[in-house]
Every structure is written in structure tokens, then in C-alpha cells.
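My questions will all concern the structure given below.
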């Protein structure tokens, strides 16, 4: 099984990090195929970068998804997730959605921890949009950037553990979801210090992708994920435009 | 990996049916360990039987879960699911919860189809209780019993397909969740006639159980699934009472 | 009028306590018939004990309800409430549901106070399940067990009053619901120290039970509380099994 | 015990009707004290009349409530209910709120039936405002006026029974709340034709009023129902203005 | 264009204040026509005064609205807003509703600041009733009366700015709505000290009123704002009663 | 005042249509500046095109917004609305959001009518995302494309009027929002046949844009619309990349 791990950020180092985490959990026969966005933000952190990444993610998937059995969108904002489910015939997962599903399967109410205040605003919208608001006991923001975390994982890890502990204590959550691609290595670091299960998106997305491939569901022909109709798009990569020709 | 497939109904024939479906999707190294409730309803169909099955499920798990790496509660009412997550240290899945997660991963909005009107009332409460109401586009009830389905799968399958098609057409859902242990074999039958993915609980529960085992999360020591404290219970099976002694 | 006060815990001392509170508010012609569960938890405090109590409550009702005009389930987790409404032809009330109704009738938004953190998790689920979330301004947990309260009512009462006062001040609630069978005597103790009405479940359940008996509503023949169909159950008390034979 | 039954409509014949229904269910020692609004609508049926009735209800209560142990606002739009709870020191009930509580105590989901389309719009807002939306399975409007009902109870009763039966069958509700002061006599008429319990507001309001009086709760000194502060109002009845002087 | 600015309070000084604010933002051709309630509260601050103001507002509109192209109800409790939309054929706006719309157009989530705790209780109900709960990140109450504000705008302004800053910092809101007629001059005072847009109701209501007049929408003949039917009301001002004669 | 009317579709003919509608309602001093996307879909109709349009809209705004006092995003999917509010310092409006605000200001509950089933799926998500679900009484889909409407406005107009009438009659809505850029001319056509107000997005967006400009709110420095930080983006138009340099 080949799983495309598509990073809608343009920073290859992040792609490498999440690919390593993905490989660590993947089943023996699963190949992780990393890919990095060709344009847009180094590390998506604003609404404007998120909007550009919607296009960048699809541009990347149109080029790299052929030949893969499943796709994971490797950023915490789940760029273009539902569009990708429409555009492609294979299962598509994304980091935050996957982490939230795992958090719900291991806790009656979960808490979410993310990096940087700006991400906190849109994380709430993402949780609401997935319909998980009733299961979310709280969102905590650690004031550090993804680069801070990569540079000083010990120090930022302590902040994350402290924020998670507060969610457990004060907001009475049963599980913790760490939100962000760079969180891939963090559960191993903070779990020993926390009294509830800690999940993150890369590993859970790989497991869910493998699961959905094994379910073998067909491409819908109706509903909002039905295959694309024939259309003419202009000014986009030919691979992306070709997706509309095939209908 | 050993997965206990615990049927909180007392009908061994249903246990056999779901065990076969579970084995069909399980990974090579996964052993499915079937078990059937020692008391209660033949086929849970009323609120009263549901309440008794809460106890019957735990009675069964206390006796049979030791030595297993994960547990699946094999009835559509997800008997004692959260209690089992508290009582046991291994991952616990259940059919309807699993099916709804799969339906959300394959559709922006899902429709649910269940057998018998009486099950429809409580299915809605189950969906609300899991916080999936915002993702549920509709519930359809097929007026047939589980035994009807086992006896005349062709005819009942047609009714199910028709009900699902109406959910797709009128309520604009993107995926269909079939609810009920006896639905295990139904997707293969109805999927060819439906334009959106069809999922059910047995297969998805097996895949999710395998996934959670591979995640290797610790038993919580806080939160509502924290290990049981020491207590003295009376009048219950010694294996169940012993769960409270171990704290 | 005879009202069965069925305690799904196995501790007869708690039954006595709530029976005394019930008698104190009952109308002249009302007889309170106390009964204690035959198996299960001494004091229900975990999800596992809650699940067992679902069965224990019905076991008790099937044996003791005949001859009674109404039933009150005397535990804060409202064990098997909806199942009992299905199984029996007489009105069935429960402590937390009753307290919440009273709190809504005396406040635009209520606050709920319960004992022990573990109860706080499931109380929220109970409130959500009844659809009262929009009316609930906050839940406060007092870190004391029911036995602590019975042993040191003054000290625990002070904690309860303090928690309630914070709900009034910070969360701007208009009324307070005390949750828990052992809270039966607590309003008299804390009300003088609190600026809003304080209600608990035993007294309100008696009043609501008397009210529903006087309304004289028929047993439904449709809906999710319709009389039980004929079924064969195994391994349960004959009185409980007989409930399914009568259909 | 004296219960003021305050009709915010100006039609004394409606007051007589509901007073008779109230007396039929009141406890032996309970005296029903009927009163009719001094100004406003004959039968409140529009938003404009509802707004005027907010004042008319308080005008009536300020004059007639002294000496009473509880108050019932006798119109389906529950005119000034929360204001009355603030203004008075005794329990205040209202017809629709009471009916909805009874419907929730007898059904997991209720259906509501009201007269005239115009009332349907605001009934939905009332149900939402009380936080009962999650328990409401449907609202049905019978196209008849209150006067039609009083003039031809048989014919309108048949329409009501038919609408209620549809709610049971199609929307799967467990109980029916009849909304409207003139519905007081309707349950006796339609209950024999319906498979689920049918409740209305007058009787349930009397029972709840008696219950709350027996609970003996104090007047709040904080919260949104705290006693009125001293204020000077102009152009209103002296009895109403005097309510603000007493603070 | 003539816009009636109808103050349902009886204090003409407040009318003058909001009329000045309204004129400051009105388009060149717009005439602001101020009017003050003939009876009721000086400054509405309790539920009881709110109920009376429902009538007072309509009494005022029935007399003063003829000849105007739009109406603004000039109090924070939006007295009789929906009734006025039914009663009149011209657009009707109100302060809090207008402020909330503006807050939503300038922020993903807004915070609301109001004066006096008592107003906080009903503000939440107003926000819920408009369906804006999901957009509201928090409500802050400044413990000062409207008269305090008029008497010491500097000091109260500082309290308001501090409360708003906490909403931005702790509750992560994107915009601030100041609630209350006397807030009309406050944005100019606090905006320089706050990092997000600050809106209030008078100015936004004027702009929305002008916008709706320019849209030129017809009076509905169906729905809950359809023109009043013919009715006979008693004991109300002839101008108000005449509204029902015209149907 | 200059208002940029930015069409994220690539079809200039649609830009011309909505520009004409915008000019028809704009105030005398308002200049409408039309602009058309440089890449992407001719007429956005799928999730994939929506995702690409997020980028296309920002690309267009970064180039064309300088010198304008406000911006309107001229497509029914409100492409990149919140990102644009972050990226720009002037007010940003969008068609569907504007139409929904107008529908709420003219109806207690609104119905929405859109073209083509595929748009119906995402319209519901848009309404939910704005928090307007509680105000939405129903969504109706007319099975016609935007091009069908432009080619046969009479015939499609009849379908739209019929769908709207059903929403008024069956779902009891008070106002109708027509969703879609090509709906700009439709209210004039269908309003005469409908009993409730009909609004669409182009005109209301112009009016709201003018209103917000007149309010003169500052660019936030905190919250999720705070000005962009300094970042380096690659592979995007220099004008868009420059937006991040200016911080």
C-alpha cells in the first residue's frame, strides 16, 4: 500500500519529520510517499496562508496522488480536505481530523493543544466544522511557533504538558489531542507526564488511511464527494486541470 | 493481536455471524475471540433489554477480556461502552460508534439505516450522545427484525437499499452507516446499488481496534476512564467484582 | 397513593435517608415504599457501577413496583430511567431529572453541585442527554464522597454552599440543583446561606410523581415507552423476565 | 392554598374555561382564583398582541397576586413569565412551559400541537427559548382558531388528533403537548384516539404550582429573579408601580 | 428619508443622547425623528420593566411611526422588535440586534460588554434568541449603571475598555459590541485603547435602517411578520388599536 | 467611495452582471470597481473549484484592492472571506454572508434558495459556519446551473419562485435569501410572486460595505483578523507575497 503524505507547507524539513513519524507507525507493507507543496507558506500560520494552501494542497495532490492508495494532508489546518475527497478516488485523511477522531475514541471529552495563538482561532472553527464541538472540553494555546518546537523540543514540550495537564484538571477532559504537524514526535515526550492518553495526527492519520484502504469503499457518484464533472479551468497546473477533463 | 468480540446478546448464532465478518477484515496476525452474553436478551430490541445488557456486557468482558489486546462490543446499542473503557486497560470499540466514525471519515454528512422502529428511537439518542448530531443528515428505519434479515437477506436488503437511496436523494447525505450487528454482511449486498459509500460497524470496529492497539496508548489515571478504585460489589460475578479489588 | 422509592445502590442506610426525606414532603395520603437493590454497588460512583445498576434498578422494579402507583429511582445517576418508563405502566421519576426540572422552573439558568469529581463527568452527560445543556450555567464538584457527607454534614455542607455561591456569582445562575441521593437533607442546611433557591431530587421527585399520578395518563402503545413486546430473556430474575411475557 | 389563575387575554369566557379545568385537578385544599386582563387582546394571536400582553399580565398580577400562594399565567404564550418570577415572591407557572415539562417527563421526545399557523411561529421560539429544542420532535399546526375550537370541539378535536397521530407516526415522538389555553378540555377528548400520553398546560401548571408551593423555596436575592430594586415608573397602574417602591 | 428613533424608556435625556449619535452617522438626506415612551421605566433595567416596555414601545410606534420610512427601537433590550416588524410596513431595527450584526461582520467571534449585572442575564438570552450564541465568545458586565456612565464617562469608559481587553485576551474575540443606548458615545472613547474593532447599536442601526430602506422590500403577507389581521383590542391607545382595524 | 467587486470566477460576463446590479443600488458617490479572477473556475461549482478560488480570490484582492475603500467577494461561496479580512485593512463583504444578514434582519427564520444540488451541500456548511443554522428554516435547491439561469431567466425564475413558496408554506420561513452571484437580478423577477421579502447578496453586500466604511473602524492588531506578520511566501504573485512583507 502506498500512502501519499502531502505537506501543503513548502518546508521540506517538516515533510521529512512527519514522514519519519508516519513510517514509524505504518504497517510493514505500507510505503509512505512524502511530497511538499510547490508554492505558498513555509509554515501555514495565518488565514491568508491557509487560503493559499487550499490551492497548493490540491496542486500537489493532482500531481502526486496518482499511483497512491490513500492520501494524507500533512498540515494542522487540514488544507482542502473535503475538496480532495471530491477530487480523488482514494481515501483522504488529514492531521487534525484524524487526531480528533482518535481523541474521541479514547475520551468522552477531549482537550486540544496547539501552538501559537493565531492557530487557536482557526482550530476552534475546524472543530466546530467537523461537528466535534460537543466533545471538546477545551482548547489550549502554547505560545511557541512550530520552529520554536523543532529548536527546543524539551522546553516547548514542558509547556505543552503543562497546558494539557490544566485541561485535564480544570476542564475535566479524558484525552488530549496535540494539533500541528510538528507535534508528530511530541506524544512520546509528554505522555509520561500526563494522566490521560495523548494523540496526534500523523500516526492516527496513517492508521486510519490503512483502515479505509482495507475497507475498500467505492468512489461516490452522488453526494458532495461525487467525482468531478467535466469543466475547463484556466491558469492552474495541467495535472490539476486534467482532473476535470476525466469526468 | 487478540481482539475479543463480545456479543451482549445471548444468541450465539449472531456471535458467529459477526465473528465471520470480523475475521474477513482482520489483519493476518489478528485473532478474533468471540464470546456471547451469559444472560439477558436474545436480540436486544427494547430499552429494558438495553439496560440489562449494560450489565451483561460487563459481566462478559470481566470474564473474557483478560489476555486480549482489545475489545469490541458486538451490538448496535454499544452496551456499556464507556463503562468498559473505564473497567479495562485495553482499547474498547463498539459497533455503532465505529460505524459513525467511518461514516464521518467518508462523508460530510451521513445517513443511518437501522432495523425496526424501536431501534430508531434509541439510535437517535446514541448519535446525539456521541456528539454526531451535526453530521447526521437523517435516520431511516426499515421495518424488519434482525431475524427477518437473517432469514430473507435479499428482500430486507432491498428495503435497506431503498431507504439508503432516499437518504442520499432527499436528505443529501454523502455516506451511509448501517446500524446493527446483523448488518455485517449487508454492505457487500447493497453497495452495488448505492451511489455513496456504505459502512457498518463490525469491520470498522476491527480496523479501529487494530489501529488503537498499534497506537499503544496508556491506561488513564485521571479522567472519566481512569482505572477503577477499590470497591466492594455484591451479587455480581466474581470476575466482575474482582475488577474493583485490583485498584 | 403508593410510591416505590427504589434505591439502585445496595446500601440500605441510604434508602432510609431518602425515604425519610420523601416522607417529609409527601402528601397525607401518599405512602412511600422504600426498596434497596439486591446486587451491585454500595454507592454508585463509577461508570462500571452505573452500568451494573441499570440492571439492578430494573431487577428491583420488576419485583417491587407491582401495587405501586408511581416509582422513583433513588440515585443521582437515574439508573435505567427510560427503560423503567418502558417496562412499567405507572409514572417513573428519578432524582437528577426531577431536580433539574425544578431548577428550570425556578431559574432561567441553573447551576448543579455534585459530590466527587468522578460524578461530575457523568453528570454533564446526563444534563446533555436530557437536553438541559442550554439551561445549565455551570457544574461544580465538591471533593467529598457521599459517606463524607453523611459523616460530616456540617463541613461538607460548607463546601457545597461555597461551590454554589461561586456558581451564582461567577456563572450568574438563578437556582442551584444539588445532585445526589445523599443531598436529600442538604437544602435545609445550605439554603440560609445562599441567595437563590436550592433544590434536590428526592423531594421534587415525590412531588412530580404525585402530580403525574393525578394527571392519570395512559400507558403508551406506541413510541419508545410503549409496553414491552413478548420476548424470552434468560438468566434474569423471573419477575423481570415475566415483564416480557405479559405483552 | 390559593392559586391565582391570571388570563392575560381580555375574554372572561376563556378565563372561566381554564378555571374549570384548573379546579378539576386541584388538590382539595387548593382554591383557584381566576382573573382576566384589563386591557389588550381578546385572544392573543399575533406578535403585537403578545407584546401588549407582557404588560397586561404584569398589570393583572400586581393587582391580584397579593394574598395568593402561587400564580399561573393562563395563556399559551406564557406572557411575562420570567418578569413575573422577578416581580413576585411566590411561584409563577405558565401554560406552555408547564405542558412542555410534563411532555418531557412522559416522553423522550415530544410533539407539540397548536392552533393557527401564526401561533406556530412563536411556539417554536418559545420552545427554543426554554431550551427544549433538543427534546422537541415536531410542531404541528391545526388551522383553526381558539374560537373555532370552542364552537366545534368535535371537529377541531379530530383535526388535533390527526395532527398528533402524524407526529407520533412520522416524527416518532413519545408524548404530545397541546398548546393553548383553550386546549384545557382537549386531552379527555383526543387521548382515547392516540397511542401516547397527551398533556396540556392548565392541569400541569396547577400541579406544578402546588408542588412548588410545597417545596417552600425562598425569594432569591441574587440572580435574574432577584426582588425588584426601588425605581420610579410612570404611567402604569399604581399597584404595578408600587412593586418597585417596596424594594 | 425619515427614521423614527423610538426610545422605549421615558427619559428624554437618553433620547437626546442617542439622537445626537444617530445624526452624526446618518446620511445627508436622512432625518432622525426622536421620540420618547409615554409610560414605563426611566431606564429599563429589570425583567419587569422590559415586559412593560414591550407595550410602551408599540404604543410609541403606533403614534409616531406614520410618515417615517424606518424605525429604530432605541434601547438595549430591543423592546418589541419582532412585534414591531409585524405591526409596521417599514423596516424596523433595534440597538442590540444591530450591534451584534456589525460585530459579526467585523469579527469571527465577538465579545459583548454591557452595564450592570442585571442586564447581563437578559443579554445572554437576547443573543441566544437571535441565534448568535455560536458567534459570541463572551459577555462581560461592567458594574455601573447607565447614569453612572453619563455622569462619569471617563471612569466608566476605563472599566469598559478593561473588560473588553479581557475578552480579547482571554476569550480570543475579534470584535467588541457595546450593548446599551448610553454606549452611543463610547466607541470613540475606548477604541483608541483596544486592539479590535468596537461597535455599538445606535450608529449601526441607522446604517442598517438606511440600507433596508434602499433595498425597498415589500411588507410580507405571510410568515410571522405578515400584516396584522382585523382585531378588537381594548384599553390601549387608539393609535395602537387602529393598527388592527386597518387589516 | 470605491468598492472593489472581485469575482473569484474567471467569467467576465458574470462580473459584468453583478457590477451592474451593484451599481444599481450603490449610493451616488460610490464607484464600483469590477475585477475578475486570473485563474481557476469559470463558474465555481465543486469543492475543488472552491478550494482553488480561495487562492484566486486573494490573488485578485492583493492586486486590485489597493486604492479601494471596501471589497466585495462576488461569488456565492464567499471565497477566502475571512482570510481577506485578515489580509486587508478595509471592510470585506461577501455575497452569501451579506444575503444571510439581510434575511435575518427581515425574518425571524429565513429560507435559502440556491442553484444546483452540488451548491446545496456546501451552502449548508456555509450557513453552519456563520452560526446562522438556528435561523435557517430550510434550504431549497433548484436544479439549474447559473448558465441556465442566464439563458432562460423566466423559466428558472419560475422554479425559484416555486421553491421559495414551498419554503414559506411548508417550512414557515419569513424571508428568502437567493444564493448565487447570478441571482443578482432575480429578486425583481420573483418578488411579485412571493409573500415574503426576497433578498440576494450583491445589493446587500454593497449596502453593508458602504455602511462599514461609514463606521470607520480601525484595522485590528489582535484577534484572528489582525494584520499579517512578516513571512516569506514562494510561488505566488508578487502582490500577494508583498502583503506579508509589509508587516
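Note that the chains take the letters A, B, C, D, E and F in the order they are written out, and that residue 1 is the start of every chain.
As a convention for this text, a contact is a pair of C-beta atoms (placed from the backbone, for glycine too) under 8 Å apart; a residue touches a chain by one contact, two chains touch by 3 or more.
Since we're looking at a predicted model, the values are computed, not measured.
Under the contact definition stated at the top, the chains bordering both subunit B and subunit F are A, D. Same-residue interface: subunit A and subunit F share over half of the residue numbers found at their contact. Separating the CA-averaged centres of subunit B and subunit C is a span of 29 Å. Our note on geometry: subunit D versus subunit F, Cα centroid distance of 44 Å, whole angstroms.
With centres defined as mean CA coordinates, subunit E is found 52 Å away from subunit B. The set of subunit B residues that touch two or more partner chains comprises 82, 85, 108-109, 121, 125, 128, 134, 172, 174, 223-226.
Shown here, the protein chains touch in an arrangement that is not a line, ring, star or fully connected set. Remark: the chains found to touch one another pair up as A-B, A-C, A-E, A-F, B-C, B-D, B-F, C-D, C-E, D-E, D-F, E-F.
Taken in their complex, subunit D has these residues touching subunit B: 108-109, 134, 172, 174.
Within the complex formed with subunit A, the residues of subunit F that make contact are 10, 38-42, 45-52, 54-58, 80, 82-83, 85-87, 118, 121-122, 125, 128-129, 223-226, 228-229, 231-236, 240, 243-244. For subunit E in complex with subunit C, the touching residues are 117, 120-121, 124-125, 128.
The residues of subunit F lying in touch with subunit E in their complex are 25, 27, 82, 85, 91, 93, 97, 101-102, 104-109, 130-135, 168-169, 172-175, 191, 195-199, 203-204, 207-208, 210-212, 214-215, 217-218, 220-226.
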